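Presented sequentially are two complexes of subunit A, the first with subunit B as partner and the second with subunit C.
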Partner chain A sequence: MRKSSKEAVLLLLAIPILLWTLLPIYHIFLFSISSKDSAFSGTLWPDKPTLRNFGTIAYQEHFYLHNFWVQIWNSLWIAVAAGVITLVIASCAAFAISRLKVRGGRAVMNLALFTYFIPAAFLAIPMYKAMGAYGLLNSRWSLVLAMVTLAAPYAIWVLKQASDKLPFELDEAARIDGATPPQLFRLVYLPLMAPSLVAIGTYALLLAWNEYLYAYLLLSHERTITLAVALGHFIAADDSPWELLMATGLVFALPPAAIYYAFRRYMVAGLTSGAVKA
Partner chain B sequence: MAAVSFHAVKKAFGKTRVLHGISLDIADGEFMVLVGPSGCGKSTLLRMLAGLEDITAGSIAIDGRVVNDVESKDRDIAMVFQSYALYPHMTVRDNMGFSLKLRKENRKRIDEGVARAAQILNLQPFLERHPRELSGGQRQRVAMGRAIVRDPKVFLFDEPLSNLDAKLRVAMRAEIKALHQRLKTTTVYVTHDQVEAMTMADRIAVMNDGRIEQLGEPLELYDRPANLFVAQFIGSPAMNVFDGLLRASHGKTWVQGLGTQWPAAAVPAGSDGRKVKYGIRPEHLELSGSGVAAEVLVVEPMGAETEFLVRVQDQTFTLVTHGRAGNGPGDRIYLVPQARHAHLFDAASGDRL
Partner chain C sequence: MNSWQVWGAILVAPYVLVFLAFVLYPVSYGLWLARHPESYVKLFNDPIFFRTAVNTVLFLLIAVNLKFVMAMWLSGFFVHERTWIRWLSVIFLLPWAVPSIPTIFSIRFMFNPEWGVINSLIFKLTAAEGPNWLNDPRIGLGLAMLTHIWKSLPFWTLILIAGRLAIPREQYEAAGVDGATAWQRFKYVTWPSLRTLYLTSTILSMIWTLGDFNSVYLLTGGGPADLTHVLATLGIRYIRLDQVDMAMATIVCALPLVLPLVYFMMKNLSRPAE
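== the complex of A and B ==
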């Protein structure tokens, strides 16, 4: 009896919070299925719902959408590259620090984490200068490298915590069985770390996918920018096509949602697994 | 197969000295058990032999070759861990064949090796399963299988039975023993359980505090413990020990203690008046109509034999008799120690007289 009444209270709290969270998303959805004229009608459901906005996006039939497919491809390319490179760097680093116990490894990890004391926004200008010096401005690689820089410290830390939980006897057994460190890494360590790797890869991928500030600074050409930056351009004009902005925004949100849904099991397990030292 | 020898082996972790110069020769094909309480350095010694710990000083040789600077994988050893350390993402087959795969053996050779080991250990039905789908005893056998497949010069076991329940432990004990008798591979086995040591070993090295207290065959350690530590560590229930004064006169030897006389075997001349520890095993105390008076505290009937916990003054004794007990708690009984089975140790050093 008491348990169910407690649950009822929690439910009563949860429903308004859920509605509050979903309201903006519903708004986006509402805009995206409205025609330009009825977008601001204020009704809870448009009189004549339409999918035309999505057609406009797909066929790039608007000034702001002329490079839609190139831009979404840029976003995808950069996000996947950032995810993969972060994974490679972080898994190697975590393996070296946690399993091979390389001297000074922990110090390096702590130094990397220390960079989080400086807000990423402050680092944007130095990063811009650095990329300029390397001649990478307006190249996808500039954003990939910047995102890897931002994601790697956290990724290393989470993977290191997760690696610490693998029994050390496994490494010893493999060493006696004749495994060299690279073989140990490839044949024993990586397969056992798979859940954490999925979580961290997804984390870095989504970080890069959603990035706006760095993308805006480092990429400036119509055909090199990411979709996130392109969305920003919509509001630069006096008469912004809100219904198209919202429709594009909805499309932009779909890949992360799909990825999160596909890997949700790993996300929860992986991101919390490193949090507490058991 | 190969002999193993430790020569003046020392180990220190930073400033903490763990092993103080261990010398030990293990014969080809011998089953050597290192036994001692936790923290005595037995596992460290085994891990040094395995190449998992550096050797601070001294040398370790396998088959006549000093292996101090040889990598684990090149020492031609196989180790069974307490936690089994099976690779969780591999099937039993892949677990057992992993070392051969790393050695780049061809598929056929790997299959043959795994099949042979699986047959020895009755693991054929489980080859395609993952470790998580196996019981504790089966995992234990897979861990042994992984060692057998390699056909190493030396088997190393680090407390392999500690994670099993009592019944399975007894069964696996016999299985390991039978395996050794079949393969005759030199084996070094670490345990804290003296029963395992007694039942399995060709020879036992009893370790304490980084030193070997005594090295010998199981019954030799049992019958003639070199010091008080070995006397009390080997044997279950443990030996009864108390302080006394050694007396020898008119061809008669006894120990004066707990307000009475305790008979002992003859000792060298000039020992009269020495402070000693008198030790007597539970099965060497007989119940009789007269002798040392004792009060029964607890009676533990176990069917074939009966264990008594009794008190003489403020000293408790354990004694074991065959057959059933006619006594209960609070009863007065009389103990007769068998003089030829009494052990005498120097009170100060603990060494056997």
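== the complex of A and C ==
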């Protein structure tokens, strides 16, 4: 008796949790399959669900969508570049600090941690000025480098924690066999670190794809902006086409959500292992 | 220096370069731009600034603490071992997994006073006009807090779930034998084990929340009449007005709030493992 009442309580609690989580997301979906007229009727399911909005997006048939394909390509290019560069820089640094015990390694680790703790919107302002000084404004590289700057500290920290756990006998054995540091890195370190590398690459990729503020500051031409910034432009006018905005938003949200869920196991383990220890 | 140290220096160099070029130089340059006392006089004379500072403190105190009470409670819910709860926890991660822009705009539309679904429902059910939501500065800021919580709650719940799962089961069994109530189990078993994690997470979340631009900017745009700004959005507003010295002065004013928190986190995280 007591047991079944506990189950009932758990099920009752699930309802508000589910509603809270899904309402804004369902609202996006609802708008994106509604026509312009029925979008504002306030019903829970459109009278005539339609995929026309997605056709309008694909053929770039609206003022706000004239550069849709260029912009989604920019998003992809920047996300992949930021992911790859973060992986390279962070795995090299973590290897040098954790395995090669490079002198000053702890100081570098502290610099990285310090960067990790600067609120993102605060660093954005000096970063914007610096990118201007470097002449990188409006280049895709400015956003890539900004995202690497934001993602690398956490990446190095997670990778260092993971590589500290690898047995040091491996390095000694390799050293006795006459392996050079690059060989050790390539043949021993990288294969053993693969799960963490997947998590970190995904983390940096998603960070860059989703980024709004830095993209909005650093890129401004219609053909250099990412899809995130383009979505922000929709809201500029009062008569913005909500159903198209929500449909484009759904297209924008699907790839990162899919990647997140595909690599969820790695992501969750990577994210929480460091935090719980703290 | 042996060849291993040389290789170490070569491999750590790319990150050091990134740090110098994109953290150290910008921050020093920014602080140099913020050196004029006049900027601060101008900033303090801007009526928006005081309101923004109050908003920011309210945002940190209310949103972060409310979020952690919810995360604490939800983590207790999600540690129950049921297949359907595992599925629910997968769905629960969605706000964290999807980008902010579409979801925050979606919330913005839901609360549109004229066409939004919320006021349509209120009108259908009660035949009365609903509240003005985002056009009211207090409700607007409150909704920005809720948006922030909605977005980051899954992450912190996940962290606290991991913390709860690390508590040895025997402690709960012993408490059960002693006839402890649910509240006593929480007070004497869960809380003592989670306290440190809860506090460090709250501090870290406060730092990140200070940098949360999206929840306010994409929802209210700082409006109506610039009354819902927080420091993050105010700094960017000055940038868009081409007043970089004011933007940097805004950040410098936030430093007394940020630096103690960062110091606390650095002390906690940079100590050698084990």
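Convention: the second predicted complex is superposed on the first by the 255 of 278 C-alpha atoms of A that agree within 3 Å, B and C clash if a C-alpha of one lies under 4 Å from a C-alpha of the other, contacts with A are read in each partner's own complex, and residues count from 1 in each chain.
As a convention for this text, contacts are C-beta pairs under 8 Å (C-beta built on N, C-alpha and C of every residue); 3 or more make two chains touch, one makes a residue touch a chain.
As the structure is a prediction and not an experimental result, all values here were calculated from the model.
Engineer: Do subunit B and subunit C fit side by side on subunit A after the overlay, or clash?
Structural biologist: Overlaying the two structures gives subunit B and subunit C room side by side.
Engineer: Check whether subunit B or subunit C contacts more residues of subunit A in the superposed model.
Structural biologist: C
Engineer: Once the shared chain is lined up, is A:P191 touching subunit B (first), subunit C (second), both, or neither of them?
Structural biologist: first
Engineer: After superposition on the shared chain, which partner residues are touched by A:A262: those of subunit B (first), subunit C (second), both, or neither?
Structural biologist: Neither partner.
Engineer: Kindly classify A:L51 by the partners it touches after superposition: subunit B alone (first), subunit C alone (second), both, or neither?
Structural biologist: A:L51 sits against neither subunit B nor subunit C.
Engineer: Is A:Q183 touching the first partner subunit B, the second partner subunit C, both, or neither of them?
Structural biologist: So A:Q183 only meets subunit B here.
Engineer: One more residue to check, A:A173. First (subunit B), second (subunit C), both or neither?
Structural biologist: first
Engineer: Given the touch rule stated above, what does A:L19 touch, subunit B (first), subunit C (second), both, or neither?
Structural biologist: neither
Engineer: Between subunit B and subunit C, what is the shortest CA distance in the superposition, whole Å?
Structural biologist: Minimum over all C-alpha pairs: 10 Å.
Engineer: Which positions of subunit A touch subunit B when the two form their complex?
Structural biologist: 167, 169-170, 172-179, 183, 187-188, 191-192
Engineer: Note which residues of subunit C are touching subunit A in the complex, please.
Structural biologist: Of all residues in subunit C, those touching subunit A are 3-5, 7-12, 14-16, 18-19, 21-23, 25-27, 29-30, 33, 74, 77, 80, 82, 84-85, 88, 90-95, 97-103, 105-110, 115, 117, 120-121, 124, 150, 155, 158-159, 162-163, 166, 197, 200-201, 204, 207-208, 210-214, 217-218, 221, 232-233, 235-236, 239, 244, 247-248, 251, 254, 258, 261-262, 265-266, 268-270, 273.
Engineer: Residues of subunit A touching subunit C in their complex?
Structural biologist: Per the stated touch rule, the residues are 10, 13-14, 17-18, 20-25, 27-28, 31, 40-42, 88-90, 92-93, 95-97, 100-106, 108-115, 117-130, 133-134, 145-146, 148-149, 152, 156-157, 161, 164, 180-182, 185, 209-210, 212-213, 217, 228, 231-232, 234-235, 242, 245-246, 249-250, 252-253, 256-257, 260-261, 264, 268, 271-273, 275-278.
Engineer: Can you name the residues of subunit B that touch subunit A in the complex?
Structural biologist: Those residues of subunit B that touch subunit A are 50-52, 71-73, 77-79, 81-83, 85-89, 98-99, 102-103, 146, 150.
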